[in-house]
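Okay, handing you the structure first.
Letters A, B, C and D name the chains as they come in the text, with residue numbers starting at 1 for each one.
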Amino acid sequence: MVQVGIIGAGRIGRVHVESICTQVPEAQVKLLADPFMTEETAQWAKNMGVKAVTKDYKEILADPEIDAVLICSSTDTHSQISVEAIEAGKHVFCEKPIDHDIDKIKNVMDALEKHPVKYQVGFNRRFDHNFEAVQEAVASGKIGEPHVIKITSRDPEPPCAEYVKVSGGMFLDMTIHDFDMVRFLAGCNAEEIYVEAAVLVDPAIGEAGDVDTAVITLKMENGSIAVIDNSRKAVYGYDQRAEVFGSAGMAATGNDTASAAVISNAQGVTGEKPLHFFLERYMGAYVKEMKCFINAIVNDTETPLGVKDGLEPVRMGLAAKKSLEEHRPVKISEITV
Amino acid sequence: MVQVGIIGAGRIGRVHVESICTQVPEAQVKLLADPFMTEETAQWAKNMGVKAVTKDYKEILADPEIDAVLICSSTDTHSQISVEAIEAGKHVFCEKPIDHDIDKIKNVMDALEKHPVKYQVGFNRRFDHNFEAVQEAVASGKIGEPHVIKITSRDPEPPCAEYVKVSGGMFLDMTIHDFDMVRFLAGCNAEEIYVEAAVLVDPAIGEAGDVDTAVITLKMENGSIAVIDNSRKAVYGYDQRAEVFGSAGMAATGNDTASAAVISNAQGVTGEKPLHFFLERYMGAYVKEMKCFINAIVNDTETPLGVKDGLEPVRMGLAAKKSLEEHRPVKISEITV
Amino acid sequence: MVQVGIIGAGRIGRVHVESICTQVPEAQVKLLADPFMTEETAQWAKNMGVKAVTKDYKEILADPEIDAVLICSSTDTHSQISVEAIEAGKHVFCEKPIDHDIDKIKNVMDALEKHPVKYQVGFNRRFDHNFEAVQEAVASGKIGEPHVIKITSRDPEPPCAEYVKVSGGMFLDMTIHDFDMVRFLAGCNAEEIYVEAAVLVDPAIGEAGDVDTAVITLKMENGSIAVIDNSRKAVYGYDQRAEVFGSAGMAATGNDTASAAVISNAQGVTGEKPLHFFLERYMGAYVKEMKCFINAIVNDTETPLGVKDGLEPVRMGLAAKKSLEEHRPVKISEITV
Amino acid sequence: MVQVGIIGAGRIGRVHVESICTQVPEAQVKLLADPFMTEETAQWAKNMGVKAVTKDYKEILADPEIDAVLICSSTDTHSQISVEAIEAGKHVFCEKPIDHDIDKIKNVMDALEKHPVKYQVGFNRRFDHNFEAVQEAVASGKIGEPHVIKITSRDPEPPCAEYVKVSGGMFLDMTIHDFDMVRFLAGCNAEEIYVEAAVLVDPAIGEAGDVDTAVITLKMENGSIAVIDNSRKAVYGYDQRAEVFGSAGMAATGNDTASAAVISNAQGVTGEKPLHFFLERYMGAYVKEMKCFINAIVNDTETPLGVKDGLEPVRMGLAAKKSLEEHRPVKISEITV
């Protein structure tokens, strides 16, 4: 039984508590830490089967019975706590992104070289049943050599301008998932990036210095071309699609819906909207990524997403920002590590 | 060049005029006859390329240059004119049904034995691209042995009660197409029929002695079971689907739409309704059946749908009426020929 | 916390153990009984969080701390254990069917009159997200008055002939779910039934006295007509669809798939098969029916499916057998209660 | 009756002969000219209803009874013959592109100023039922303000390298249709373009100095962002899709298929590939553009696609080439008129 400590009891921390308590029989949540731990959260955690709660995450690091740590705290703490946990000999699952600063990610890499524990980054979409099926089709050669990779990623609601200011911007906060997906589907890194972006959804986002709509072109190392289109607001819900076109065919996936029911009437033939947002669409993926992390610990195998998989999307995000600022294609290698 | 005479300038007669004039280069409409021929119709026909018009169909039968006759007059005249045309040595294309009276169809069969001209019945749906594709899948063995055949056939609007009184009833007027389709898809005749029917669309139809909604079960000679569901009114348009389930798979088809466009918004994901009615859905099928008829003449081959294919659906329709009246399964053989 | 005892640790008993232990926080499995309880099963149960196991289900009935009993034993024991549990004052969830013998179901009804505990029958498909969405569309009037109800229900693999002999036959073992679904979608009982059936899948099923393919027509009390088509073997997987056609439109649902991925290549455009069988397709429905049962206990409300909902599908199944034997439409009222 | 002369009896010239002879009753083909007019072509034309043929297109320009000229000759002659026909007072339908050289298009514009005849450019895709439906949804405000426009355009087979050398390259030969489509769907011109392209299909295309795969990003004048992805070879057929995402929803369309038939078997659920190539997919669009041209003459209204609509896509194509060569975003205004 893998003993787990979870740092952060916000939305995503709770998702992992629930996954482990109900779907991962090989693991147990021994301690849940959050500086703002409330009575209500403590009670909820207890009901879920969490053994104990605390306000101080250092208790988790200090507990010799805890094997693995999940870092679900605010982004600015990810790299620092990663290093501390690694140095404490804990296996680490870290929510994305590790950091917006390449140097801080390098600190984590350095720590991992000295203390080779398991390290997994939380790019949950790789574990989504639809994207997995597309990736398997590509990796197994069913569509031949990939030529064009297309990702559509649109949120149902824009974040508030406050959040935009601290999030690192759309490329590091939202597109970072798509950067990871491009690498996953292409099976290689990006070489160059070009961004066309605009403020079309909410002027407040523009005033906060960010964009809310973008089309991003990438030249991949295997010669294929990728394109991501992003919007902060799709009125019909969370739109998450991918398509890989290759020399021998195409693999594509659309969205999931709450049901397959369709109504035909005088207005047309109407099916359901995509599932509303990431908690609905990716719940199965969150469970699966956690099972993979625990499996890697139990069987002493590689995690499916190591620290380098955490680094590359951040480089791509920083290159995207540079492309937008300088209005030119930017080599990923310009973002030095 | 096959010279054609067309008897009847109503809706379906005009469909055939248009098909031949624009899409069948091997044929020419030499004469169009209609007892109610108007100046307007005559002008329309001339513009389409019809050589001459008349009020008297006997002129068509008497014209030695005319090779083939299309019978598009009212149903009660089909068998009589068929016999006359056959005896005049003309090839005959006869709109469905040949007659509601088995004996009158036998007169046509007798005439054909003496004068073996080409004879084709107008079950146009066999030439629809969707049903053709399903039938080809079945006939080529792609789904193995057929087990269950399902046909959905719903009109967008009920006929007026006046029409219902003279039409022979829903089974002989509307379902007759589905009886033909069942034979086409199963590749054999029906043995037995059971009808469950009701008046749910329009009480006036019930007062006229007919039904407007039905589920019809058929035992086929090859052991498969078929089911047809009919309604006189589908608010979303003309609903024409088929499905054949067999030992090695299933072949199915849905409806055609005016476009493949889909709108996603806060209400859902909406595509177009089925094409409104038979003139829209089956225009391509009308052209194709005419090409097949002309080809059979030009190449001296069998027509795809002979007089026996005109007989069987009428027997099935009469058996359906008997099943409804006597509330029991009825053998098709009870309708003696 | 509702204390639950589960009788039967077979496939479906384990499904409920898992649902309660992982997804129903208001309930706890206190005791799991199975006459063939193995060490392995006991260990599995313990890992899942079951408090204790036994070979004797009477221990469950005798335990005053147990509030509710789930009857997942073989069909022939359902009614007898139902009566015992009701008399012991336990709330009862009973797998379908309660019994094939109407008199034995009446015994359960009598017991419930004397001891009005909660009683729920395991027609899980009502809780499937797809069928729920169709039923909600019908019940909310979105399609107007229902006219034609169609259910397709095909298993991926036929049962062995041994099972067929004891199962009560296809209508009571397999179609019974569809009989319930017809009542659920129509919102009323059936009046009359007509069966057309055949042995097309496996001659051994015929030798065992059963059929494996059927088309079943039902006249419903609200005037609508329903049709069910069944097969014991669909090579493409578990085919579970429904369609309700009404005066104002149609609500329909297809199958669920493992993913939305689609491959386009020179052979065509190919999506995934339906989910393989009931454990895959209905896992969410099993969880939901259990939540509803526990909720009814916690909130002292009606269960969504009472003993009468267990009775009617059995009557329909017996009427179906009679229709097949006597080759005629049979009134449900001929199966007297 | 509009008398038409057609210059060029190649593939597209024959398409227009057929459209006019069978589907446009208000027009007649008086003369068909082709320098390589064969006996066979002459016979075919006669059978279609063409009055006469010639090897010298000047006969068409000189014939005072001819009202309108269709220019279907090789691209390098389009602008010159346009000017000649305009100066001869003929209405002109010119296949795309008018020319690859902006100055030559300006010659046509100058001629039109002096002789204001009707002039229509052959961007047939605007008349496709699917793209029309998407454009109508956008233009009628159903999706709000457009934010992102996506076009997928892939041919089933690459051209031979010989053709590539004279075609002006992929952007002027193939993408030019997509440049027109972007303007049609956005309802405005492009401001800036960025091209990412590669040779992935056929090295011979690269040796001929062209690319065969591209992702092209466009900044539109209304602030929206457009992206086109092109490939010279999709093994599953002609892939022609569009999607417009806006503030109030999304309108999208997929491909047409030969039938709606779907086969379900142990391998999956398979529908038909897209229609093979442009003659199949756009046959209806070719007819419709011709009807619109003839209507504009008959009713003395504007043609739906004037000379400026012929100019802009060429500018976009030239800007695309520049972007690829100089590896930077290029303003359309850099291509001066």
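In this section, a contact is a pair of C-beta atoms (placed from the backbone, for glycine too) under 8 Å apart; a residue touches a chain by one contact, two chains touch by 3 or more.
Given the structure is predicted, the values throughout are model-derived calculations rather than measurements.
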Other chains in touch with both chain C and chain D: A, B
Far-end chain from chain C, centres as C-alpha averages: D
Intercentroid distance (Cα basis), chain C paired with chain B, Å: 42
Distance from chain B to chain A - Cα centre to Cα centre, in angstrom: 58
Whole-Å gap between the CA centroids of chain B and chain D: 40
Multi-chain contact residues (two or more partners), chain B: 235-236, 239, 248-250, 264-266, 272
Residues of chain C touching chain B in the complex: 144-145, 147-148, 150, 154, 194, 196-198, 200-201, 213-215, 217-219, 223-227, 229, 231, 233-236, 239, 245, 247-250, 327-329
Chain C residues within the chain D interface of the complex: 234-236, 239, 264-273
Footprint of chain B on chain D - complex, ascending: 22-23, 25, 47-48, 129-130, 132-134, 137, 142-143, 248-256, 258-266, 272
